[in-house]
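Labels run A, B and C following the written order; every chain starts at residue 1.
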Amino acid sequence: MPQLEILDLKAAYGQEPVLENITLSVEKGEIVSLIGPSGSGKSTLLRVLIGLLPPIAGEVHLDGERIDYGDKRTLRSLRDRLAIVFQQYNLFQNMTALQNVTIAPTKVKKRPAREVEEEAKTLLSKVGLGDKFDAYPDELSGGQQQRVAIARALALKPEVLLLDEVTSALDPELVNEVLDSIRLLAAEGMTMFIVSHEMGFVRELSSKVAFMADGHIVEIGAPARIFDQPEKDRTRDFVSKILRH
Amino acid sequence: MLARIVAEAPEFFSYYNIVFLLEAMLATFALSAVGCVIGFAAGFFLAVSRRTISVLLLPLRALTAAFIEMFRRIPFLVTLMMVFFVFQVLGLDISMFSVALISVCLIATAFIAEIIRAGLESVHRTQWDTAAAMNMNLIQTLRYVIMPQAWKIILPPVFSFFILFIKDTALASQIGVVELTYAGKVLNNKGFSAALVFGSILILYFILSYPLAKFGARLEQKLAAARNS
Amino acid sequence: MSYTLQFGQVTGYLPYLAGGAWISLQIAFLAFCGGMVIGLFGAMAKTFGGRALNHLVGGYVTFFMNTPQLVQIYFIYFALPDAGILLTSYEAVLIGMTLNAGAYLTEIQRAGFESVHRNEMEAAETLGMTLMQRVRYVVLPHIARVLFPPLSNQYILMTLGTSMAAIFGVEELTGRAFNVNAETFRSIEVFSLTAGLYIVVTLAATLLLGLFGRFMFRAKMRLY
């Protein structure tokens, strides 16, 4: 049974449809990469999955159980198991790096503060921020904020992790560091949705690659197939452009 | 006019009159201060209730919106009369000070709710989203994420409103609340010249309001400077 | 003690009360226009004037902003006769409200003037505009757009403020409400109806001013 199954999902911002006919299933420990041009709906799909934008049609099943995005209780249990790293990081501006990481585990999951703090410090150190525990978001560079956001998501110990372009604001050295952490998580068997433009990385780690355009999944398959033998012209265009750089 | 003021001044500034005026000044201050504190608590509740999403709470949201929209559009004098007559009809014996206080609370609630609503909205939507994605409930989101960011936006206009009401409560003299303006009318009726009495009353209001206004302006500057930290 | 609301007797007075609302709007309009003139001179004095003028205007604004309008009118109405200035209650109310409005409108307009940025002027200059053209095409439209929302709000606030004229026997909306109350003794009904009229009048003002501002100045705003 797939861990997460999306069936014919549709979503809109107001009247404007942004996602249509999204069907996708993920086994436990799989990594699905979403690629596609800007504005194709990648971020929106992640927002729908974590319940920030209620879908207007279609179904999402988590471990075979249908998620009712209108129902508070199932929404809460869903968010208990999923975590997201936003494309714009979205750190809490009024909290230090450390507080950003500890707030949800202590206040939402009600875990003991001391234990959480130790864990948070380890996580932050792991992403290279061992000396920035007490820095506020506006005292951190974009790349540093992005890493805090990653640590914050990991501190929730999610079963499924949604990563939205987590390497976009990083310099090349850090890209590798962050990608290494993701590799490690993959090795530990965490299920992930990754939006990324790092094609080498996508190719190496993904179980499946979904190419999105205009709110649709144009093509989905193993990375080798999407990159080397795309069926659709749209995909071939995009892949050739992106690999050329 | 001046000669008369000078002639009356020694008698006017008698010990008794000064105490009377200071007590009235305190009543003016208390009316506005207590009203705003209660109005803040109630206004906060209203502003937050407007952010709920449950369908069940729809009537609450509609009621809240109507309350806020209405009480900001009724002159204080009319609100005073309504509260006054409602209590008279109910046969409840409460002091005129209480009638005025309740009126101030009603209006303060409506105005401050609107200020708080704007303050909550000033915090970027993504902060709300992120808190929701991390499973924080409304109270946790407000307490840990939104209010620590919004209070800097909320406080200055609330303070301005408080100062505004120090002056607007002058209307409470109309139903006989012994505050500064009423004290002026009493002394005027005792035969002191209007120029002396109301001139003094104006100065006393100024003494009350001006330092607070200065403080409010400084507060606003400080908070604006501290916004990005 | 039981009390049944009976609006029947009071609704007959609706036209009379509505007429009062019209008078309220007129008082607000007159005081607003007077206040705008004072405010325009005040704001210019504060922006371009010398130090003495600046202090003078500043003193006027500070004094009127930190004292109640009601007591200002008491002073004008009851104390000025001592100095030989006799005014009817209507005149006293109007003068008091105008002076009060002048103080607030000085501040509002000054802020509007200050929002015209130097670089906007310079940009216009590099386009080869003459001073008159710059004022006409850059400065005035900018000021109009910036000032329209706070001026509209001030007007609505002043409409509510006119109710204190009733205390001086002026028969505007609240004054007429007192009259109807004295005749019918249906106090709650009378004053709820009066409150309703104030709500309707100010809502209409919000709506009309909002549409006007959006249409004329493309001012994006959240009015009162």
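Here is the rule we go by: a residue touches a chain if its C-beta (ideal position, glycine included) is under 8 Å from a C-beta of that chain, and two chains touch if they have at least 3 such contacts.
Model, not experiment: these values are computed from the prediction.
**Student:** Average the C-alpha coordinates of each chain, average all protein C-alpha coordinates together, and give the chain whose average is closest to the overall one.
**Tutor:** B
**Student:** Looking at C-alpha means, what's the farthest chain from subunit B?
**Tutor:** That would be chain A.
**Student:** Could you work out how far the Cα centre of subunit B sits from that of subunit C, in whole Å?
**Tutor:** 20
**Student:** Give, as an integer number of Å, the spacing between the C-alpha centres of subunit C and subunit A.
**Tutor:** Here subunit A and subunit C have centroids separated by 54 Å.
**Student:** For subunit A versus subunit B, what separation do you get between their C-alpha means, in angstrom?
**Tutor:** Measuring from centre to centre gives 48 Å for this pair.
**Student:** Enumerate the residues of subunit C that touch no fewer than two other chains.
**Tutor:** Subunit C, residues with two or more chain partners: not present.
**Student:** Show me the residue ranges of subunit C that touch subunit B in the complex, using the header's touch definition.
**Tutor:** Residues of subunit C touching subunit B: 1, 3, 62-63, 65-72, 74-75, 78-79, 81-83, 160-164, 166-167, 174, 177, 187-188, 191-192, 194-195, 198-199, 202-203, 224.
**Student:** How about subunit B: which of its residues touch subunit A in the complex?
**Tutor:** So the residues of subunit B in touch with subunit A come to 54, 126-127, 129-136, 140, 144-145, 148-149, 228-229.
**Student:** Which residues of subunit B touch subunit C in the complex?
**Tutor:** Subunit B residues touching subunit C: 1, 4, 69-70, 72-79, 81-82, 85-86, 88-91, 167-168, 170-171, 173-174, 181, 184-185, 188, 193-195, 198-199, 201-202, 205-206, 209-210, 213.
**Student:** Which residues of subunit A touch subunit B once you look at their complex with the stated criterion?
**Tutor:** 47, 50-52, 72, 76, 79-80, 83-84, 86, 88, 90, 92-95, 103-104, 107-108, 136, 138, 156
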